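The two complexes that follow have chain A in common; it is paired with chain B in the first and with chain C in the second.
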Partner chain A sequence: MEILVCLKQVPDDSVEIHLKPGTEEVNLDGVDSVVNAFDTYALEMAARLKEAVGGSITAITIGPEKARDAVKTCLAVGANQGYLISDPAFEAADTLGKSRILAAAVRHLEAEAGKPFDLIFCGREATDRATGQVGPQLAEALGVGLITDLVDIEQTGAGICAKQETESGYRRVEAATPCVVTVNKPAYDPRYPTIKSKLAARKMPIPVLSAAELDNVDPGRPGSHVVRVYEPAKRQAGVKIKEETCEESVLKAVAMMADAKVL
Partner chain B sequence: MDWGNHKDILVFVEQAEGKPVNVGLEALAPARTLAGLTGGSVLTLVVGTDNAAAAEKAAVLCDGVLSVEGAAFGDGCTDAFACALEAVVSKYAPAAVLAGNTPLGRELTARLGARMGLGSAQDATALKVEDGTPVWTVPVYGGTVLNDVAVDTVPVLATVRSGAFSRPEAAAAAAVTAEAVDVPDEAVRSRVLETVQEISEAVNLEEAKVIVTGGRGMGSKENFALVEELAQLLGGVVGATRPAIEDGWVSRAHQVGQSGKIVAPALYIACGVSGATQHVSGMSGSGYVVAINKDEEAPIFDVADVGIVGDAVQVLPLMMEEIRRRRAE
Partner chain C sequence: MAYLISEEAQELLGAVKEFCENEVKEQCKEYDRSGEWPKEIYDKAIEMQLHMLEIPEEYGGMGLSRVDVAALFEEMAKADAGFATTISASGLGTKPVLIAGSEALKKRACKLIVDGGFGAFCLTEPGAGSDASAGKTTAVKDGDSYILNGRKCFITNGGIASFYCVTAMTDKSAGVKGMSMFFVEAGTPGLSTGHEEDKLGIRTSNTCDVVFEDCRIPASNLIGAEGKGFSIAMKTLDQARTWMGCIATGIAQRGMEEAIAYGKERVQFGKPVLKNQALQFKVADMAIKIETARQMVAHALTLMDKGLPHTKESAIAKCYASDIAMEVASEAIQMFGGYGYSREYPVEKLLRDAKIFQIFEGTNEVQRIVVANNTIGKF
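Now for the complex of A and B:
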């Protein structure tokens, strides 16, 4: 099975992101750039599928030169080859523009390899903006099927059968390949790289695909613009109670709750 | 903002087990604001095999209901829904298309945006009008930063966050119009084989007045029962953080936070919850917050009105005893 995994490099989502005081600029000083968590789940699911049925995984990202690290990370945990899609013309692209760029990259890589991708994996959303638009929009741009929110996948005679998480359980959804799938948190965690796989990944080339290679694809003008950036009003921290005994703390706290008429 | 010939506001209201989902009806409120700008009507779109109940509920909250019914919409296949939405949008040329920020709402707006070349605002928590232009507030970075966003394409696409808007006041029922949409075979690329209900309990965190949430600090499934007991005592709903759910103490229907439910009860009691951003951004709209944690430095105390430094497993029985004693008086 020929598999493509689309990923995004995002600020480490375990770090609280704030603005630089008095500005509308997001303060990313000292915040590591990581592969979006949902994309790491997508890669792990793809790697398990590849191990089960054979094939190859290609990882791609759109971003500046430093996004190369994200691709490198993926090469150490299951991807067989990786590409960095980078061009000044792509910098302002919104989700729709990015889906158009990714679709152009799919066509380019398929032509280069002389064979189509069977499956295209995306994370269900990125942890920074969490809009969940790119996967569905890529399926539309390619004119192929789409299944969202996967927590498991298997190959079938006609294509794939996916376990799709829903509010109250799951659905089993079948689609012919090629198709696009978006991945939620499965029951398993992504694998860790080994020293050996890290060293091997470091030696692998990560070619850059610019607009010229991608048929000068036009991501179009963004369909929205940000008017202002700010932080939500902070809740005021109240009283912290730490009496001699637990009983005393509780009595004091419940008295305060009663005074506030919340009981 | 130049709306051209576009006037009406179309709201896709999703159904679950024959009922309209709350966030869909809530989206009718910002739709009314937009209709005030464009001079158009608020239209609800319901899609399914039997829309009668949902259409009736929506009809008193808007100016017209468009009902697309057919066998093609039976198994929850989103390809068919995308066709229905596109067909209705093409016919009515609305000025905006809104939906709840559910998995289906996100997917349909994304696909419509791709088909028609439109921008969107996703997961909006507020709508303001500035110089005649709708400006949506969307949380980014897990909610620690907000962006005010204007969509520059028409129709404007937006999804709204559950609980962010109050559904409009009910008025006289508007007409329900059946719309026939033909779903071509080739448009349906996936097929739902089976739908499995794993979580049977109805957990209504969004409308709860009181929520008692347990986190990793509860330590075990047995101890987590204390959280359930307090919730019951206060007539509230049980919430949980992701670690508590991953440890199997409670089903994921109870998850509060960025990847679960965004809640705003009058009283929120966090037991053994550290206060990770992902969680806090889902409950910071609560009225009164009580936090119980062993760790004096836990970030949950920064957002609590009252914090008790102590082991929730010891604190909860004492707290319940004291509440019962006060009630008996």
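Now for the complex of A and C:
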């Protein structure tokens, strides 16, 4: 199975981020970059599928030169090859533009390899902007099917069977390939790189795909317009209920809600 | 980074740090209480290949310099010194083979490690601690075999090792020149493990007796030649000691980091306690000691990498780093005040962990003898 994993380099999500005072500019000074957590889940799911059915994984990201590290990280934990999509013309692209660029990269890589990707994995959203748009937009741009919020996947005779997380539980969805899937947090954690795979990944080439290689793809006009950037309001400290047993905690919570006349 | 390490080691350091933060640091607290050997943590470390950092490249290792490896070891020690000790003791157990073993034994020992095993070094006996030459374990040649009898004690990794490098007397009348070194694989009939120590610190490491009762091993498992065992053991310790200095440095570094973090948070008299110069000076003294220890470790390891004599430097590194680890851990507790004495906070464990580094692989009194002998010379 030929698998593509799209990933994004984001600011370290374990650090609390603020705006620069009096501006709408996010202050990322001193904040490390990491691979978006949902993309690491996508790569782990892809790697497990590859180990089960065979095939190859290609990792791609759009970003500046330093985003190369994100691809390198993925080469140490399951990706067979990786590309950095980088061009000054791409810098201003919003999610819709990025999806168009990714679609152009998919077509370019497929033409270069002489075979299509069977599956394209994306994280369900990035931990920085959390729009969750790139996966669906990429499927649309490629004209293929889409399953969102996967927590597990297996190959079937005709394509794939996915376990999709919904608000009320799980749904099993079958789809023909090629298709795009977006990945939520599965029951397992992404693997750590081994020391040897990490050392090997350092030596692997990560070619750059610029606008020229991608038929001068035009990210097009932005599909969205940012009205205002602001920090979320601080949540008030809540009440912690921690009784001896869960049952007692629930009873206390219900009693408190009754007292507050919300029940 | 206070070690000058290669770019590739810097990248590895990030991965090791992440692993230790997520899989070792917090998890080890419970095992520190229970004294149980945390197999699942070691399984994950093995999967990441952290257990084979010291294996030479030609036998399936990584080919990193010793200083590169030290940076990674210190990171592991910061998370949990027992965890780092288990992995380092495996390197100690492999060294006699790498120093003097046949090509076949080198391949065998390294393969056992690469495949996910641990090594153990068996020198100490109930009546032979600092006086390592007083060992009573014997090895008697019988055709193509040696038969080992005796009891070793305080053996790190004793209960979990895949192989043991064991000193035994092949000629009791010849003193230290009658001691030989043998390679014994786990599972060999006559090899068993006994009393497991309930230790003050490094409780995530396994320490127990290793017993040989008519334990028959192939004669080809003799490491080097008969009578060379004591010399091989001393060369082994000359190298291994620096790694103990490295782990002790990690304990001290953790102590300082915890003390700084707490000192910034803890408010007394309306300001963080670390705003007081009295505590800032404590941190300065910690930093001076830690950095000095770290550089001594790096120096001894660089000498080893270059194949230069390193006996004195290794002893200095081990002795100094473990002494200052005790001092820093104690001062870290002092900076935490009453909370530092509580098991709920991380610093009391550091003091318990640090103590053994003044004792094992040659007490610090023995280290001072080594340093003195190598400084004063014969007169």
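Everything that follows uses one rule, which is that the second predicted complex is superposed on the first by the 228 of 263 C-alpha atoms of A that agree within 3 Å, B and C clash if a C-alpha of one lies under 4 Å from a C-alpha of the other, contacts with A are read in each partner's own complex, and residues count from 1 in each chain.
One rule holds in what follows: contacts are C-beta pairs under 8 Å (C-beta built on N, C-alpha and C of every residue); 3 or more make two chains touch, one makes a residue touch a chain.
Computed from a prediction, not measured in an experiment: that's the story for all the values here.
Engineer: For A:Ser168, decide between first (touching chain B), second (touching chain C), both and neither.
Structural biologist: Touch partner of A:Ser168: chain B, not chain C.
Engineer: Applying the document's definition of touching, compare chain B and chain C: which contacts more of chain A?
Structural biologist: Touching more residues of chain A than the other partner does is B.
Engineer: Could you tell me if A:Gln133 is touching chain B, chain C, both of them or neither one (first, second, both, neither)?
Structural biologist: So A:Gln133 only meets chain B here.
Engineer: When the two structures are overlaid on chain A, which partner does A:Tyr192 contact: first (chain B), second (chain C), both, or neither?
Structural biologist: The answer is second: A:Tyr192 touches chain C but not chain B.
Engineer: In the overlay, answer first, second, both or neither for which of chain B and chain C A:Val227 touches.
Structural biologist: first
Engineer: Which residues, counting only chain B, touch chain A once they are in their complex?
Structural biologist: 16, 76, 78-79, 102-103, 106-107, 109-111, 113-115, 117-123, 130, 135, 139-153, 189-200, 234, 253, 258-259, 266-267, 277-278, 284, 287-290, 296, 301-311, 314-315, 318-319, 322-323, 326
Engineer: Which positions of chain A touch chain B when the two form their complex?
Structural biologist: 11, 13, 16-19, 26, 94-96, 99, 127-133, 135-137, 139-141, 144-149, 161, 166-176, 179, 185, 220-232, 235, 237-242, 246-247, 249-251, 253-254, 256-258, 260, 262-263
Engineer: Once bound in the complex, which stretches of chain A touch chain C?
Structural biologist: Going by the criterion above, the answer is residues 76, 191-196, 198-199, 202.
Engineer: What part of chain C is in contact with chain A in the complex they form?
Structural biologist: Checking each residue of chain C against chain A gives 8, 11-12, 15, 18-19, 44, 47-50, 52-53, 62.
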